[in-house]
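First chain A sits with chain B, and in the next complex the same chain sits with chain C.
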Partner chain A sequence: MEQLLDRIIAGFEAADIEKRKDGQVFFTVPKPKVLPLINHLKMFEGFRNLILMTAVDWIEDNQFQITYLLNNPDTKTDLGIRTFIGRDGEGMDSIHELWGHAATFQREMKEMFGIGFPGSPRVDEPFLLEGWDDIPPMRREFDTKKYSEETYFPRPGRETHDPATYMKQKLYPND
Partner chain B sequence: MSIKDILSPFSGWKKVFDEPVVVKDPVNDRPGAPRYRGFHRNDIATCIGCGTCETICENEAIDLVPVQGIETRDGDSGLRPRVDYGRCCWCALCVDVCTTGSLTLSNAYIWVDEDPGVYRFTPGVDDMPWQREEKGWKKPEGNYEFYSLKREPMEHLRPEERNDSFAEMVRGFSKEQAMREADRCVECGICVATCPAHMGIPEYIRAVRDDDMERGLKILYDTNPLPEICGRICTHKCETVCSIGHRGEPVSIRWLKRYIADQNPSEKYKQILETGVLDKNGKKVAIIGSGPAGLSAAHYLSLMGYECTIYEKLPKTGGMMRFGIPEYRLPYDQIDKDIDYILSLGVHIIYNTTVGKDITLDQLKRDYDAVFAATGLHQGRSTRIEGTDHRHVYQATDLLRKVTLGEEIHVGRRIVVIGGGNVAMDITRTLARLQRLKYGEVRIITTSLETEDAMPADSEEVVGSREEGATVIPGWAPRKIDIAEDEIKGLHVVQCLSLFDEKGAFNPQCNFDNHRFFEGDMIVESIGQGMDLVYLTEGIKEHLEMTPRGRIRVDDYFQSSIPWLFFGGDIIQGPDVIHGIANGHKAARGIDRFLSGTADKQQTT
Partner chain C sequence: MPEDNVKYPAEDQSLSPVNRKRVVIGPEGEDILVDPLRDYYCTARPEPELPRQGIIEKFMNWARAESLWVLGFGTGCGSIEIPPLLSPRYDAYRFGVAMRPTPRQSSVIIISGYLSVKTLKRVIRSYEQMQNPKFVIALGSCTINGGMYWDSYNTINRLDHYIPVDVYIAGCMPRPEAILAGFNKLKQRIKEGRGEGANDYIKNLDWYKANQKKIIKDWNMPDYNW
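So, the complex of A and B:
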């Protein structure tokens, strides 16, 4: 693993190396190095499985983090590859040519975060959210509570109480 | 159609005796994973109904509802969360934010019913089979927290920096510290009921978080016109019920209040509080005593347009706040900041004037429309054991007052203080400083009837006393002061076993076989204070209703049976500053009801 990491650091500018448990390492690479690195890992280092792809919205930094989790079944090692892209419609290269099921993850990320993956099959079709007409819901500026209030009707008979107001009514109504 | 198509339906028969791969009874045989997030459970005895689960729920799936058998009381709203499973998305944010750790999710996830109404229930109250299920989601310990369980540390002067000076010990928060501490508050408001003044605690903590000090000051003054003082020496009952205190350390509410007051310069108060011009209504109120209750009443009455005059028997304002609490806990300039603002509202004050001696209550009745008496508890009580009439036996309140007035007091080489309350700790720490200045060493023993865990003093006061060199020995009852050749030699004590009898009456029981002798040449008694009501003339006493326990009877608005005469502060409730402030505020509204003739119409204001 150490030698593998040395090669990744030297060839692909990997940084923020984080060894999480036996056989699992996370690190960050610049966006232009992602595709060459993943190609290299699949072709020459035995990382044949794409376990998942996911994203995180770092709204404060105006960035999305995309994470690829790759597995080498022979050495039982996992690599978590992180990269950062701009939040404002920058998009990311598709890896569906390497693994067909990557298209599904990419379609999900397009729907949930609005991250574009040009060329990825069916990437613009609804994934879970049929008829969605709002901004992608996993973007942090999406106000879930406001959406709930506007979209779903309250069930009849529901009532709630503010603890401080209720305690005033019960304990010191005249103060 | 091929021959295969005809035979294939029968090929399944060859597996007829194999182990089936489908589950016959999915309800019982397909439990969720051990940490699966299924239906809610709630330990309702631990839950305090703080509503943080409701606040965090992004889907508005949770309501707080009253539950039969659970009373609303200090620290518990009496409400419990009810979950609507038409909205719940099982994200478990409610579990992870729960302040008491009572709310969890079971791993049960299968529940089929044709009645949609049943999918809304109160976990822990409505009996559900998964309430007793062990498995499911609990917030992992020590992994992550939505709010810090640790308080922002408050810097104090170290004992060696403070033990020979009266400089303020507590340094106060910096902006960054205050912001971090304010960030720990979940704004549940459970504390508001417990605060005697019912201050807007979540609102002013939010103002700290928003760094809006002017808004913060306005919120403080809605209910408390002495925030610099209260921000330092309030008994902070609010913190004892803070919801964050259930799993961690309570929010430092008192220090945040002080932070707001500290940030606002006194010259901007009138502008911020919009009290530059106050309309007068032509009515006059006399206030006896310039302690917290009197000042609070004067403040709120002035805002309502009344012309207030305070009669103060001492040469300075503040009552026990100035003359009872040592300067290292409550610096005089901070007392002045609060009080000078109140006086700037047009409140008159007449110093060195004792009502009952220099002016009669009847005279006040003639000159004013109403009178509010908040004369406090200033007369120290004596143990009345043998030897207490010696010239070197003192009352703590007398000594503290003299120190504030700058008068010389006797400081013995070895002192024994009797008492376990905050006043006892105040005199212990004051005398420790004076001993160190005079003799270069501290030789004080402070003893109380109560054992360490039952002492009424704040624990930080006991710890502070010890840090400054005093010896605190709780759990001993004074028996006799030993005097030889007209000099005090020390105090005989016996072990105190209990303070109250089974009826709850004060009746100390002692083990007379367990005896100790505390050497000393000066004894200070600090076992409580009594009231001095000599200003009540016979004519007034005749009409004044008293309670069976000998206190003056007042109504909810602190009005006595003599309509123009109101009483408040320590002589009615407390003793502490925040009760005084609350009394003064309520009495001001009572006086307004009385003088504006709205008492019958205006039930709540």
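So, the complex of A and C:
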């Protein structure tokens, strides 16, 4: 594991190395190095299983984080590869030619975040949201409560409490 | 059919040849327009089926109430509460409740939990294909006011804006005992002659369709699925 990490740091500019537990390491690589790194890991290091790929919206930094989770079944090790891309229409390279099921993850990320994956099969077809015509709902500028109230006929009389203030009033009414 | 008898209009080249709209030359030399995707479209409006009078209606309501055939359709987490209902411990069969595999054979549809827009489209198709009289049981708080998904971008809040509901069973999730109580309530309602949801749906069809079309943006089915 240590030798593998040394090779990755030397060859692919990996940074922010974070060992979560035995055999599970997360690190960040720059965007142009992602595809060569994944190719290398699959071909030469035995990471032949893509567990998942997912995205996180860091709206404060104006970027998306994409995480690839790879697994080596022989040595029972997991690698989490993080990369950051711009939020405004910047796409990511597709890895559907390495793993066919990556196309489904990419299709979901295209629908939920609007991240483009050029060349990925059926990436523009609706996945969960049929006929969606708003901005992608997992982007953090999308106000899901407002959308729901405008669209889905909320039943009047619903009372909601912020848990912190509600418990404070209940436990310390005199403060 | 021989290939030289067929002319394809230019606009639907994306469909496979068997599904394309086309003009076929008939045996007399006349042109016949064939549109396979519209073969089973029926655009007729449904008519309400008014209840009969007096003792006949009472007898039929008794018969309907004692034999409820439930469509095996699960939408949310509540569908996991249905299989124990049929197990020996709760044994819904003794109340005359049986599960059926298709909408055409069933008289009750259980909406078991949260309903996403994509599923609502399938629910409408299934509900409209069921034979009269038909009843709806809404399970869980998600169908009442949205439940814990009340501010979600993709789940509906109030089921009764889209299909008429006979019985609500509150809870998150209701236990099988609560569902049995709901079935008994539904039987009582039917015996009192109040199980007229299907006719209400048809009388207020425009309102229901407006609500449904407001959230189903890619409406690609007939207005009423016969």
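The rule is simple: the second predicted complex is superposed on the first by the 154 of 175 C-alpha atoms of A that agree within 3 Å, B and C clash if a C-alpha of one lies under 4 Å from a C-alpha of the other, contacts with A are read in each partner's own complex, and residues count from 1 in each chain.
The criterion applied here is as follows: a residue touches a chain if its C-beta (ideal position, glycine included) is under 8 Å from a C-beta of that chain, and two chains touch if they have at least 3 such contacts.
Just so we're clear, the structure is a prediction, and the values are computed from it rather than from any experiment.
Engineer: Contacts for A:D162 in the overlay, against chain B (first) and chain C (second): which applies, first, second, both or neither?
Structural biologist: After superposing on A, A:D162 lies in contact with chain B but is clear of chain C.
Engineer: In the overlaid three-chain picture, which partner chain does A:G89 touch, first (chain B) or second (chain C), both, or neither?
Structural biologist: Neither partner.
Engineer: Given the touch rule stated above, what does A:T151 touch, chain B (first), chain C (second), both, or neither?
Structural biologist: So A:T151 only meets chain C here.
Engineer: Who does A:F142 touch here: chain B (first), chain C (second), both, or neither?
Structural biologist: It touches chain C, and chain B stays clear.
Engineer: In the superposed arrangement, does A:K170 touch chain B (first), chain C (second), both or neither?
Structural biologist: first
Engineer: Could you say whether A:E130 touches chain B, chain C, both of them, or neither, answering first, second, both or neither?
Structural biologist: In the superposed model, A:E130 contacts chain C only, not chain B.
Engineer: Which parts of chain A are in contact with chain B and also with chain C?
Structural biologist: Residues 144-145, 148-149, 152, 154-155, 158 of chain A touch both chain B and chain C.
Engineer: Can you tell me which positions in chain C touch chain A when the two form their complex?
Structural biologist: Touching chain A: residues 116-118, 121, 144-146, 150-158, 161, 211, 214-219 of chain C.
Engineer: Help me check something: in the complex, which residues belonging to chain A touch chain C?
Structural biologist: 126, 128-133, 137, 142, 144-145, 147-149, 151-155, 158
Engineer: Over in the complex, which chain B residues touch chain A? Could you list them?
Structural biologist: Residues of chain B touching chain A: 49-51, 54, 58-60, 62-66, 72-73, 77-79, 84, 86-87, 120, 188-190, 192-193, 198, 202, 556, 586, 603-604.
Engineer: List the residues on chain A that touch chain B in their complex, please.
Structural biologist: So the residues of chain A touching chain B come out as 144-145, 148-149, 152, 154-155, 158-164, 166-168, 170-175.
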